[in-house]
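Look for chain A in each of the two complexes below; its partner is chain B in the first and chain C in the second.
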Partner chain A sequence: MRLRYRTLIPLIIFFILKVNGQDSKSPGIISGNIQTIGQYYQEDTIINAALPEHLYGFNGFANINYQRGDFRAGIRYESYLNTLEGYPTSFSGTGIGYRYLSWNNDNVGVTIGNFYDQFGSGMIFRSYEERQLGIDNSLDGIRLTYKPINGVYLKGMVGKQRHVFMDGLVNGNGIIRAFDSELNFNELLDSANSWKFKATLGGSFVSKFNTDNNTSFFDLPKNVGASSIRLNLRYNKIRFSGEYVHKINDPYPDNQDNRFNYIYKNGEGVLLNLGYSTKGFAIDFSAKHMDNMLWRSTNINVGPTDLLIGYLPALTKQHTYNLAATLYPYATNFYGEIAYQLDVLYKIPKKSLLGGKYGTSVALNFATAYVPERNFIDDMETSRNSYSTSLFSRSDSILLQDFNVEIKRKINKKLKLSLNYFNFIFNDDAVKVANYYKMIYAQIAVLDLTYKINRHHSLRFETQAMWTNEDKGDWLFGQVEYTFSPHWYIAVLDQYNSGNEDLKKRVHYGLISAGYINGSHRFSFQYGKQRAGVFCVGGVCRAVPASNGLTFSFTSSF
Partner chain B sequence: MKKILFLFSFSLFTLLSYSQLPNINLKDVNGNTKNLSKFSNNGNPIIISFWATWCKPCKAELNTIAEQYDDWIDETGVKLIAISIDDARSSTRVEPYINAQGWEYMVLLDPNGDYKRAMNVNNVPHTFLVNGDGKIVWNHNNYSPGDEDELYEELIKISK
Partner chain C sequence: MKKYFKYLLVICIFSCDKIESPLPEEYGKFDWSLYPGDPVDYNYDLVNLENNWGPNNNPKSILLEDYTGHKCTNCPSAAQIAKDLEDDSSKNVIVASVHASQDGAFQGTDNIFINNYETEAGNEYVRGSEMPGFLGNPMGTINRNDGGLTNTVWYFGSGWLNGVNNEINSAFPLNIQLQYYYFSQTNGLFIHTETSILNDLSGEYNLVIYLIRDDVVSPQKFNNGVIDTNYHHHSILSDNINGTWGTPIINGAVIKDSLIYNNFTYELPEPSIDSTYYIENLSLISYVINRDNLRVVQVIKTKLSN
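Coming up: the complex of A and B.
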């Protein structure tokens, strides 16, 4: 079976070449990329880094795409030999994990094989790839897109979800059927194209069918539907977007909390965003109500990121400074949450008193999330709705509060400065990221300086400090990076758990890394200790174990 | 099998000399659909830069180029297209950020990575220089201070 995939794609490419042989002007384009990461592990009992039996880990990905006019085809070859530590262990072996053929002109599009897609903000449907986290829920099936007239976009698809990888793609059992429509009023009405007022309306319906949910206690629905409606409005510099999603009864097992075990309550969610932005100033507000919107193509217990059909975006800023990003990161609470976020961005003009010669950027961000107010109704012997909620009605139980400020300024031609401050309240009893299971209050300060020595050489210094009385206590972080444009970089960094109550755990995590870049080829290595932490992309997180050792990575595209 | 492999590598060889932008629809921050395979800058070069609001080096690169962008346009007629790979969690941050920074680039959204995949981008920042015929002539996967000068030199080379 697998051999057939391997021969199929080159054959098709050859066939196309043959058919279109006369048209020497555009024989099509072949392009691709490769990414490989290899790790050699050492045991380190102080930081709790275990030595795996296989000593080495290796993940490799290679894509090859072919395009000729409206036709596209591609494959991805994947290797997990052995899977890197911390990556989902359900990825193993080597083989083809993704292949597709597609054809689209201005009005009609067809995709056969694997594809990724998203409706609105993705709450009821998002198939995507987040390679760093080991998430890939591409749909394997058929997708049709159709644009009957200007401004009207229709999409329909049916398929199975990629679940794990065992010497090749392994799909889940559930079947997904999804339909989306979008209406862009300004494109629809030619005369409206130049209007200051813009409007888009969208609606979708997603249904799943699965039978791997047999229990002797409950009669579970085999077909479950979810629907959504979304609206985007804009007038001049003001914009609004809103989305409402609804999912019918979809009981999941919950071994942790009986109040959520196999409940038949409908799920719902609202996501609102209102913003104003003009040159040099922006203000943006978001609000979210989400309840019981866990949405998978299976109703049995699986890994936290397995077989998800919907994506529930977290209303927090994705932090990039190490201590702020990896110690207490926030991911959307699957049970439900009421969340708000406010952003204010301002660029103090150049040559002003506060702005300095080049101007200064200030960014404020405030985010907060609460447990919804739930009225438990004691119907577990009858309808099993378990509780009732109402839109945007929150309880006093806080999940997260994150306030942060960033000030960036170019001091002179050579020196750039960035100052950051973070203030977190983190409910680890509910979020369970730090394994501390209590409230954590933490503050972080960051100083980041870039000094351009001359045209090619620059130095960057970064220091971070975190203060907290909870969990593992205070942390210090320092990094020096030297870059030689356009080819080389070398960096040394150290993290120190200066405030750990257990003196034996006041450990330095030193790391050295260096790399060579040439065009689209990038080769890098790092050696040293890495602390156990949580690695997040897009509000989805994965716990990464501590490690000590050598890492090589190579990426390239052509 | 060997024959097929041979034919495959042969076709690879004959195809590599062509380059063109993928035929995929993207939206700008106003919700308008754009297709770069049909986009023309009147025979002038295009810079395509993949970035995200959470990517520090990406923002450093685009903010540095922004200071010189007017000069680049005058000299070469270049147009910079910044493609944000921010997903649903952060894509609402794109417009406030570009306005607050005062970027004059064309900014497009790629919230599910379709364009990124089609352009074989592994990670951001990844910057492409496309000549007036729609052919990719240079690309670079990284940003460190000074890289903008190399891009500028390449830009001048193809604008003569």
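Coming up: the complex of A and C.
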């Protein structure tokens, strides 16, 4: 269904009528932001950068919000003219992609139109936007929130998910019905408010109705439900959170592996986190069991990030340095995984032997993920559960191991140093982000130096090196960035595939970028080559094709 | 507000379909109880299926479904158009007369019109949601293509000739051949098909088999209330051997020269009770549809005999 001005106009009229009934002395507040990126493409056969026939790609959006008293309303205008290369082509055209109206009073909240929300960790329900990935699964419908007494929070919603953008919002056919409740014991019991022990208990139920798939091979469920329970505890410096989710039969077609094709096995997931933090030291341990928890509002084949109801969190660190972030980033395995992560942060005290004059921060991170132990059963002609699993029972098949350490130290008043080391074991046969489809063993070292010339001028050097005998071999990366605050910066960088076995592919990917910042406005451009890679956020990934050309971007808010 | 939340909670909790048997009921399932002897002696090689078959020389044919009714006064003239098209050997048209209407109109029985020729499948085709646009008898489909009235599958009789001509050169991605064994002791009909893929193909395709009575003498109403009690009803759809929408045979991609084998059994009505089910008066119409758009991609007709 395409929703444009036809639906917006009654919303605005309704909104104006409601607002006029409010305090007429307050004109309300208008706020918003805009972000635009345009890229002029050049053909580059060396790096396989294609030249699209439209030559110029443009993605832009602007949010405009209005608030007056308890009422809020807003729209987002989006333009993809033409969609930037690598961005999902399901985003195209220009129009309104998001509109909402909401009000809150007397412990009751109402939202109509589009909204984002999340229950617990999001495994059972997460409606969110990740613009860089081209993900927007906002719910379009009605949401009610209600706080009957202190400490009790109820939330219910019914709606359809945004699927694609074609000159406007286009929803999927599936209908989502969702309910969440949360009990905050400390708020519930007045006397418990001052306790060091804090506890909340939550429960959710989400169901979908969908008839997209009319296969005659299988009797498909039209209504599929999932439920979850979660607990958060905190005592002084120790905190614990746990969540269990369960989903009933929810078969999907799978053309890759017949063992997962239209299986009727229940899905389940467990996410546990235990942490301790004090001044100068923090430790955090997470564990995850996830099996058959792909959870979409459609039961036909769609794009990997389309119409997802639940979010499958990745237990890995979100890397920011170029080689570590874009060559072998981890994408959550939809079939399931057993994963663990340990984070340790320690600040070596200043004026100590190891800490130096200003102290030294050390961050260790270890993450690993395995394929669950699956006992396949011969029932594809009967109940089609396909296999059985046990909680946290893992196989020997590793998906990922990521060990990394970061050391940050201020050498003196002018010089700051950051050293990073990464060690990856990456099963590309399962994760499939590098198109290598075998195990990859890689190590990366990063040296990041910032030299403060004076109060307004600073210079940053960054150099990275990756060593691997697999895939495309070794890489080198270097960057120099000069900042003259508060307005300007310029940077030059180069990536070089120094270890590629094919000498013709030992290519330099040079790039120059510069920007001007003035308050909340930022204008930047970059020119050069960008290699093909993968961009991931939170275990959700998008392939980025190679490109060569000139890119402009502008962001602003008011 | 509390009330709304209660309603929402109730809706959520009961919004689940737990499926215990994912595979749909299999019509025409192979049933040895209809074989009068020891299955070991059965003539068809059920292990090396390809050994049972020679080359498939069946021509590309066109299925014309004539949706009719014995009290429909305009139906005989439409039936004649269908018969004429079938008799034109250059067109390879195969006719199935489907006695069906949306509300039972023209199908009723009384002292004169004793027999009801409706079938569950025929009624589903005109009443269900998958083939919308049926206006009333007589209408027909030509390979269930969407060239009919307002781009539906439904043609008036006046459009059947053009519809057939337009269909003659349509795609011919697969072919079907059929063998059967009939056992009068049990009225058991054992059916075997071989579907050969002529071009690479992808999608979801079903094989449907109609049981046809070739000629049934029974009353038919004409204009001005005239009833011909000796009317020869031609090629009446009498049952679907393997269900309304048939048996899924392709799901996904299949490559050229692939062969797909299917086996069915069916217990024919007792001919001593209803002589129109005498084996020599029966045929099978077998066709393959693209399950997404219902388009018939090939159809064959097999005359049965003892």
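Observations on the structure shown:
Operating definition for what follows: the second predicted complex is superposed on the first by the 533 of 558 C-alpha atoms of A that agree within 3 Å, B and C clash if a C-alpha of one lies under 4 Å from a C-alpha of the other, contacts with A are read in each partner's own complex, and residues count from 1 in each chain.
By definition in this document, a residue touches a chain if its C-beta (ideal position, glycine included) is under 8 Å from a C-beta of that chain, and two chains touch if they have at least 3 such contacts.
What you see is a predicted model; the values in this text were computed from it and never measured.
Residue contacts after overlaying the shared chain place A:I512 against neither chain B nor chain C. Residue by residue along chain A, chain B and chain C are tallied for touches, and B comes out ahead. Of the two partner chains placed by superposition, A:M166 touches none, neither chain B nor chain C.
Legend: residue contacts after superposition of the two complexes on their common chain; A:N255 is shown touching chain C, with no touch to chain B. Judged by the touch definition given at the top, the superposed model places A:A178 against chain C, while chain B stays out of reach.
Of the two partner chains placed by the overlay, only chain B lies in contact with A:R239; chain C stays clear of it. In the superposition on chain A, A:K222 contacts chain C only, with no contact to chain B.
Touching chain A in their complex are the following residues of chain B: 1, 4-5, 7-8, 11-12, 14-16, 18-20, 22-23, 30-33, 53-56, 60, 87-90, 92-93, 95-97, 99-102, 111-114, 117-123, 126, 138-142, 144-147, 149-150.
The touching residues of chain A, when paired with chain C in their complex, are 108, 144, 146, 148, 154, 156, 158, 177-179, 205-207, 209, 214-225, 248-249, 251, 255, 262, 264, 381-384. Across the complex, chain C meets chain A through its residues 1-2, 4-5, 8-9, 11-13, 15-24, 204, 206, 245-246, 248, 251-252, 291. Against chain B, the residues of chain A that register as touching in their complex are 7, 10-11, 13-14, 17, 26-33, 35, 63, 65-67, 69-70, 72, 104, 116-118, 120-122, 126, 128-129, 184, 186-187, 198, 200, 232, 234, 237, 239, 241, 273, 275, 277-284, 286, 311, 313-315, 317-320, 343, 345-347, 361, 363, 450, 452, 455-458, 483-486, 489, 515, 517, 519-522, 538-539, 555-558.
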